[in-house]
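Structures for review follow.
Two complexes are shown next, each including chain A; its partner changes from chain B in the first to chain C in the second.
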Partner chain A sequence: MSFTKSARILAIGLMLHWKRLLEYRLNLAFDLLLRLVDSVTFFMFWAVILASSNGFAGWGLKEFLIVFALESYFTALVISFAYAGLYMYERIHNAELDSFLTKPAQPWLLAIVKGIEPSFAGFISGTAALALAFTQGISMQPLALLLGLFMVLLGVAITALFGLSLATLSFWLGRMDSLESVFESFWSFGGKPASIFPIGLQVLTAFTFPFIFIQTIPTMAILDKIPVQEMLLFILAEFIVLIAWIFAFKFLWKKGLRNYESGGG
Partner chain B sequence: MAIDSIIVQNLEKSFPKKQQGKKAPFRLQFPQPKERSRVLKDISFSVRQGEILGYIGPNGAGKSTTIKILTGILTPDSGSVSVEGFVPWKQRMELAKKIGVVFGQKTLLWWDLSPKDIMPLYREIYEIPEKAFSKRFEELVERFGAKEFISTPTRKLSLGERMRCDLIVALLHKPKVLFLDEPTIGLDAIAKEQMRSFVKKINREEKTTVFLTTHDMNDIEALADKIIVVDKGSKIFEGKIEEFKKKHVKEAVMSFEILQVIDKSAFKSLLSKTRQLSQEGNYYELAFSIERMDAQEAASRLFKCCKTSSFQIKEQTLEEIIREFYELH
Partner chain C sequence: MKAAAVRKYFQAFLAELKRLRAEGMDFVLHLSYIPLLIIILYFLWSIVYQNTSSVQGYSFNEMMAYVLVAVVFRRLIANSWVAHKIEHYITDGDIVTFLCRPFDFKKFMLSTRLAHNFYFGLMLLPVLLIILAIFNAEFKFLELALALAILVAGFAFTFLEFYTIGLCAFWLERIYGLRHAFDWMQEILSGTWFPVTLFPAFAQQALQFLPFQHLVYTPTALALGKISLLQGLEGLAVLIIWVIALNFASNWIWKKGFRKYDGKC
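After this line comes the complex of A and B, so read on.
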């Protein structure tokens, strides 16, 4: 199936979910409220930590503002798309996958399209954080900012593939109830400079929730602490992780599908 | 000459056996246990283009497994299958453009949105040009009388309306083969009748091959040109409904109310040649072997010996035959 067809299907899926979201405006308002609470908590936490120390691994509020913006975009996209991939395990277990398998499109793409949960609050809070940084006179490298957003997109693809790959395990395993908590446990590595973690953990998170690619490196580059050229190396590394996941997912999906037992009847 | 739309040869499928015993919960399902239960055993058949095949059997007979292999959902252990020239599990995407599938217990619609809302998604999935799509969609809505509810959110639709919309989705791309897995399950009598007439219409007007699995023998009698009966994974009958009936209908039931017995000994002889099912006053219900006496003979024997106020001969329905057949097997 061509990339353009996939993109068009995804776009229509987004449009349909937008329509659905407008039907339930209250959910949207509640989502915004939760994000506001989350933002306040984030800044209160780091304000307390930074007040009782001389910075955190060389980071101050300025860095955390950028981190927050990037994480907000990442969170919005992960909630919107990557969770739909993770929840494919339910569609495998309840045999909803059957309907997707009888369509001339990738069944996992159709599972994602149906499961999209647009989260706009993250985009609003991310943009608000960047606007605040701008009004506070924090100097930002525009190219690094653009590349940083690109790294966020690649990071979302990595996390989505991680979620999809986890979901394919349900072709073999019966109980997958704790899958969501395993997936979510990686959130705890976010919102901090990656350098505080041992190298093993940094590599592990690069393959799951790649905070080093979506937060640490872009933040340093945006604030001109590392040259933009250095970012390109990390973009290359992110691409390698992404390609590794594409192969891993394709392998698991192919093997799993042969093992698919469907259900009912 | 009619060409075969579906060709199945020596199809076999097994699933890993569920682990038994006290220690079973502590054993991993991975790697898969080697013990397997065979759900399809050496199934072979063919369906001609434009034919309606009724694929019937009791629960666990292997009906759904067959339909899932034919639509590319499951991969068989061995055997060969060709649906419109494609091997389903190897050419799933290509095949999907040629077939429509409706699972009675699963919907293609989105709960919060109306069927009309999600049509652009299916237009894109099937890559139907905008103009052709609009024409086809309107034509199907008109044909299935869905104008009134096509814009209603799916959650507000009745089961019958939802099934009609599912059928519309499955037919958008003018499939050559329509797979229907229990399409009338849970529907009321009117909705069932409507569903049958829609399927018949599509089959007649578009020469669509229909592969139908159902537990409702009225669906089969109303629609199927040919039936295949499966049990415990094996095919036990393939042919016309009439052939099946001829082969398996053993008895007919004659019911009547006697006003006057004219010839007592002839009446006695009639009773001896039949099996009395019930008698209430002058009202009798007698079962007779159709191998020994056909309906016409039974009636003439009765009228020779009795004057009756009511008379009826009823052959076993397909439902009753199938039920007995399942019990026997």
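After this line comes the complex of A and C, so read on.
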């Protein structure tokens, strides 16, 4: 199936979900409430940690403001799209996949389109954090900021593929409610500088919720702590991780479908 | 409640335990975030203690013992899944099937949820013992018994809290934002990430009137000998008052919600 057709299906799905979101406007208020709570807890947490330590590995509130902005964008996109892929495990187990298999489009894409949950309040909190940084006179590199946002997009794709690949386990293991817990457990690495963790953990997160690519490196580049050229190397690394996941997912999907028995994996 | 009714819900509890045992692997994976969280907290607090030997009277070992026991205790009272489940029952229309069955929906949900957390408790007991051994933490019998009583009250509180949030799906299409807003807020305000004594004085005063700190901080600090038995009893009393209030509130919301429910939302 062509990329244009896939993009068109995704756009139609997004539009339908957007209409549903407008119909149930109250949910939007709760989405905003969630982001507000997220902001308060994030800064409360770091205010306590920073007050308890004399410098946190060279990171201060300025850095965490940028980290928060990038994480907000990432969170908005992950909740909107990546969970839809993860929840495919339910469709596999409930044999809902059958109806997607008979349609002239990629079944996994249809599963994502059906499961989209527009949750864009993160864009508001992220932009508010960047605006606050700007008004506080924090000097930011515009090019690094743009590249940082691009890295966030790539990171969302990695996380979505991680979720989709996890969901394929249902082809073999049947009902797997714990997949959501496994998926979300990697979220705990968010909001913390990746440099405080050993290299093994940094690599592990790069393949799941790639906070090193979407937070640590962009924040350092935006605040001019590393040159933008160095950022390009990390974008390349992020691309490699993404491509690795595309191959891994295709492999798992193909093998899983062969194992699919339509009545519960 | 009559003995026959107790037996009925006890059977529901046992049936859920059997189901959990049958899905052992899936269940164990639900706990996958705990080792990751422990690793994250270890590295995080290691950085904090690089330049200081004590934070608010907590040495590194004491802080690690606190946060690790807190993570385990928090898991034992976690109930946000209840809201997720009820949301699906309501939006999919399945909740009407419960009306045809000879039991009360709330009590049935409580029985199954008790089975979950009881099973988690059994599995997490070795984790607790390992934490004690590694960080030389000592539990005192009387304090531990009271801490367990507070955890039971905490479990009742979070069950009723998320049961009530779940019932909001009668009016809202999705309660994702509301559920997570409460869950995240509770995580930090309950003292899961650090003792609430690390909050500024004004925040601590405000927290005294809320039940959250008694969910995790009070039982953890009590079990580790950081607060007195009297403070523990105060925490238990606060929780019991909140449980009674929430019980009335949830019954009222159930009645109101069902009046407007059309079976398919």
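Heads up, the rule we're going with is that the second predicted complex is superposed on the first by the 263 of 265 C-alpha atoms of A that agree within 3 Å, B and C clash if a C-alpha of one lies under 4 Å from a C-alpha of the other, contacts with A are read in each partner's own complex, and residues count from 1 in each chain.
Here, a residue touches a chain if its C-beta (ideal position, glycine included) is under 8 Å from a C-beta of that chain, and two chains touch if they have at least 3 such contacts.
This one's a predicted model, so the numbers in the text were calculated from it and none came from an experiment.
A.B. asks: Chain A superposed: clash or fit between chain B and chain C?
C.D. replies: Chain B/chain C on chain A - fit side by side.
A.B. asks: Contact-wise, after the overlay, does A:196 reach chain B, chain C, both or neither (first, second, both, neither)?
C.D. replies: Only chain C is touched by A:196; chain B is not.
A.B. asks: Determine, under the contact definition given at the top, whether A:98 touches first (chain B), second (chain C), both, or neither.
C.D. replies: Touch partner of A:98: chain B, not chain C.
A.B. asks: I'd like to know which partner A:53 touches here: chain B for first, chain C for second, both or neither.
C.D. replies: Only chain C; A:53 stays clear of chain B.
A.B. asks: What is the angle, as a multiple of 10 degrees, that the CA centres of chain B and chain C span when seen from the CA centre of chain A?
C.D. replies: About 90 degrees between chain B and chain C, seen from chain A.
A.B. asks: Regarding the shared-chain residue A:181, is it in contact with chain B (first), chain C (second), both, or neither?
C.D. replies: Second partner only, chain C.
A.B. asks: Touching A:139, do we find chain B (first), chain C (second), both, or neither?
C.D. replies: Neither partner.
A.B. asks: Which chain makes contact with more of the residues of chain A, chain B or else chain C?
C.D. replies: C
A.B. asks: Which partner chains sit in contact with A:173 here, chain B, chain C, both or neither? Use first/second/both/neither.
C.D. replies: both
A.B. asks: Would you check which partner chain A:38 touches, where first means chain B only, second means chain C only, and both and neither mean what they say?
C.D. replies: The second partner, chain C, only.
A.B. asks: Measuring by CA atoms in the overlay, how small does the chain B-chain C distance get, in Å?
C.D. replies: So the smallest C-alpha to C-alpha spacing between these two chains is 5 Å.
A.B. asks: Which positions of chain A sit in both the chain B and the chain C interface?
C.D. replies: Touching chain B and chain C on chain A: residues 20, 24, 173.
A.B. asks: Using the touch definition from the top, list the residues of chain A that touch chain C in their complex.
C.D. replies: 20, 24, 26-27, 30-34, 36-38, 40-41, 44-45, 48-49, 51-57, 79, 117, 119, 121, 173, 175-179, 181-182, 184-186, 188-189, 192, 196-198, 201
A.B. asks: Can you list the residues on chain C that touch chain A in the complex?
C.D. replies: That would be residues 23, 25-33, 36-37, 39-40, 43-44, 46-52, 55-56, 171-178, 180-181, 184-185, 187-188, 193-194, 198-199, 203 of chain C.
A.B. asks: Which part of chain B faces chain A closely enough to touch in the complex?
C.D. replies: 15, 29-30, 32, 63-65, 67-68, 71-75, 92-94, 96-97, 99, 101, 103, 105-108, 110, 112-113, 117-118, 120-121, 124-127, 179, 181-182, 213
A.B. asks: Residue numbers of chain A touching chain B in their complex, please.
C.D. replies: Those in contact with chain B are residues 1, 5, 8-9, 12-13, 15-16, 19-20, 23-24, 95-99, 101-105, 110, 113-114, 172-174, 257-262, 264-265.
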